[in-house]
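Chain naming follows the written order as A, B and C, and within any one chain the residues start at number 1.
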Amino acid sequence: MAAGAVVLLIVAFLIRESVPALSTIGIGRFLHDPSWHPAGEASAGTFNLVPMLVGTLYLSLGALLLAVPAGVASAVFCQFYAPGRVAAVYRRSMELLAGVPSVVYGFWGLVTLVPLIRRLEPPGQSLLAGILILALMVLPTVALTAVAALAAVPRSYLQGAAALGLGRWATARRVALPAALPGILSGALLAAARAVGETMAVLMVCGNLVQVPSSLFDPVRALTANIALEMGYATAQHRSALFVSGLVLIVVIALLMALVERWGERADA
Amino acid sequence: MPEVRRGPDRLAALALWGIALGVMGTLGWILVDLLRFGLGGVSWSFLTEAPRDAGRAGGIGPILVSTVWILAVSLVVAVPLGVGCAAYLAEWAPTGAPLGRAVRRSLDLLAAVPSIVFGLFGMVFFSQILGLGFSILAGGLTLACMVLPILIRATEAGFRSAPQELRRGAAALGLSRGAALRHLLLPAAVPGLVVGLVLGIGRALAETAALIFTSGYVTRMPSSLLDSGRALSVHIYDLAMNVPGGEGNAYATALVLIVLLMAINGTASWAAEAWLGKGWTR
Amino acid sequence: MSRNRQVLWPFFSGVLLTTLLAACGPPGGGNSEGDALAGKVVLTGSSTIAPLMTEIAQRFEARHPRARIDVQTGGSSRGIADAGSGLADIGMSSRGLTTEEAAGLEAHTLAFDGVAFVVHGSNPVESLTDEQLLALYTGQVEDWSALGGKAGPITVVHRAAGRSEVELVAAYFGIEPEAIQADLISGENQHAIKTVAGDPNAIVYVSLGAAQRAAAEGQPVKLLPLRGIAATVEAVAATVGETYPLARPLLLLTAKGTALSPLAQAFLDFARSAENDDLIEALAYVPPPR
């Protein structure tokens, strides 16, 4: 309905803004050019998006690998293990974390986390920093939705488990979690979406070098950070190329989501 | 709750407490840093005065007001739309139906759009095409688009968690679908809605890039929804990134934002329970 | 449930109260004394210039209570585009105009901003020659020991493509921007400064004013002299004797051929007058020679 309309509008907008670059530069160059060095004229610049796409994917995947288990564990903790007050405090802290602006996360990451990583391996601003900050940012989403999902598990299930003599961890793992799975996946999907779309924080801690990272300590540039970094100073052609990168991001996300859905359906059936 | 037994049970308990402490520890670290650098700057005059000297002196009074208005606009638009869409998805569009699938897919896509793209889109669509210019209204509407997927997903989960007995009971009593929705299912879905609200408000208050291009940069006290007004997150960004010497106040503003967030979350949960939670299941 | 309500009512009313108070707000205008200058002026563009223009605008509004000057950001390209298309009355740009852009716009210089090379405060290196800097930035020198500093890999920090600092530095060295070999790329000024402040082996080029201010506030950064001239705001301002070689103009742009409204023209004239030199200097930029 309205939501669908908005998405269509956004995609249309992206397409409209991308057309100048797509027509003069051609989609192939976005995949095969030697590097990303946009310049005023199409002939002069190079426009390869692949390293940044890879950067975005690594960042998001890494963040999810950390945040989803930690978030679900936090939720299980909150629902089954923490005494009432502790659980309430924990939940409130999660809600708090969810509202901290990305610029504050980025700033904190830049000032506190990056120097720590630099001690392990310079330069400090890196894929690792990005993954850690992103994981922090999406953790509350996973945790809060998982808590709600676990809270919605019918009491009868838990009572049945108790009747069968299951211990607490067994109850959580084999009864509550599977029952809450749809809600948890929902939260994970939201978290993934947030991670992919995050701009400010990754811009500040990832180093912004356009390259495919070969180690966790290499600087990377996310597609979103690229748009933010260059949009303010871009001339018309460059600007259009940036919109192409936005479009590419959306297309890739759509493909990934279709894949996840397909896999989910197969798992259900 | 079943007791914690030996062996794997103990191990699991240990691991979970460990993870929880780790997460709390990191959060605490951030909060302590914020307090350390920001608490000194917060005072009553900070909360009420207008900014001076590019934000390094004075306060954030007009900015607070703009932020509350922007949030209000986005919630007034997003909540009815979101709850309605969630109800539709949960009750009328079982997972198989093509329309339901299409709406869900587009929502997921919407949630993944980068905030800066939202900002540029909002600028072109709300500010230029709809003629709202740099305004609180444009900012609120753009934020509503961003918050909608979160709200819908969480509320839909809430609706789905309502036990089938409610629906069967309603049918047995001859209730219309709408009445069943209003009096039975909605109250049952309220916890999900509250999660959606909390996450959505958090996202909205934390959003920077989208607001820079829509509700703008002006620090004057807004007198109407069509005025441009700087949001707290934009102010923090400006102080931290553009103004030399602005960090102290950036931290202080961040602290105020967090307190505001807690207040609004509390209010929103209370309001959701009070207005929508009244039904026959409570 | 009821306990929650007791706790939450104060919050609820507090939020409502703030909003209502704001709605009642200060009456717009006060006594205008027949002030002819009324209406709205919109500026968009560079986020570097925006804080300064916000201050100047506030000063102007204090004198002309019926005027409203709205300053928005969006980047230099936005300022250039909006000034040309009429979406803004005045555009702000911290980068120079391309020939295409300059065709339709008039540029008025608001202030100057130097560009300085900055290293960490603990770096023993006191100055670098142009050749050394060039070698460093093109990747020919990779360790500080080759430049007289403590041994350690140099973290070369570069800036985002399209920024005026990049063009300026590349032109200064006589190379193309693509020839610069970077280890990290920073966005806004404060990002660059924080990057250097956190890494003893880093070097970056950044707004001189911002760096000088950061050093004055105790951040561990050091500005390197260029060609023997100390990197200070005074050196950029010096018109007699040795002027610091790297500086960029901060521009206010208006559309050629379209007259500004009387309010906008008055504001433009006011912004460029010597009255605002104190505001310019407070943000560590350099007033233009008058």
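Quick note on the criterion: a residue touches a chain if its C-beta (ideal position, glycine included) is under 8 Å from a C-beta of that chain, and two chains touch if they have at least 3 such contacts.
Since this is a predicted model, take the numbers as computed values, not measurements.
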Contact-count maximum falls on chain pair A-B
Note, CA centroid farthest from chain A's centroid sits on chain C
Centroid from C-alpha atoms only, then distance chain B to chain C, rounded to Å. What do you get?
32
Averaging over Cα atoms per chain, report the distance between chain A and chain B in Å.
17
Going by residue number, chain B touches two or more other chains at 240-241
Return the residues of chain A touching two or more other chains; collapse runs of consecutive numbers into ranges.
107, 228, 231
Counting only residues that touch at least two other chains, what does the list for chain C look like?
47, 74, 187, 191
Provide the residue numbers of chain C that touch chain A in the complex, in ascending order.
46-47, 74-78, 95, 98, 101, 153, 155, 160-164, 177-178, 182-187, 191, 194-195, 198-199, 201-202
In the complex, go through chain B and note every residue touching chain A.
1-5, 8-9, 12-13, 15-17, 19-20, 22-24, 26-27, 29-31, 33-34, 81, 85, 88, 102-103, 105-118, 120-121, 124-125, 145, 148-150, 152-154, 156-158, 160-161, 163, 191-192, 195, 198-199, 201-203, 205-209, 232-233, 236-237, 240-241, 250, 254, 257-258, 261-262, 265
Per the contact definition, I'd like the list of chain A residues that touch chain B in the complex.
1-4, 6-10, 13-14, 17, 70, 73-74, 76-78, 80-82, 90, 92-93, 95-105, 107-108, 112, 136, 139-141, 144-145, 147-149, 151-152, 154, 161-162, 166-173, 182-183, 186, 189-190, 192-194, 196-200, 223-224, 227-228, 231, 246, 249-250, 253-254, 257-258, 261
The answer for chain B against chain C in the complex is residues 52-55, 62, 64-65, 68-69, 72, 128, 134, 212-213, 216-223, 228, 238, 240-247, 263-264, 266-267, 269-271, 273-274
Taking the touch rule as given, give the residues of chain A at its contact with chain C in the complex, in rising order.
37-38, 40, 107, 110-111, 114-115, 118, 122-125, 203-204, 207-209, 219, 221, 228-235, 238-239
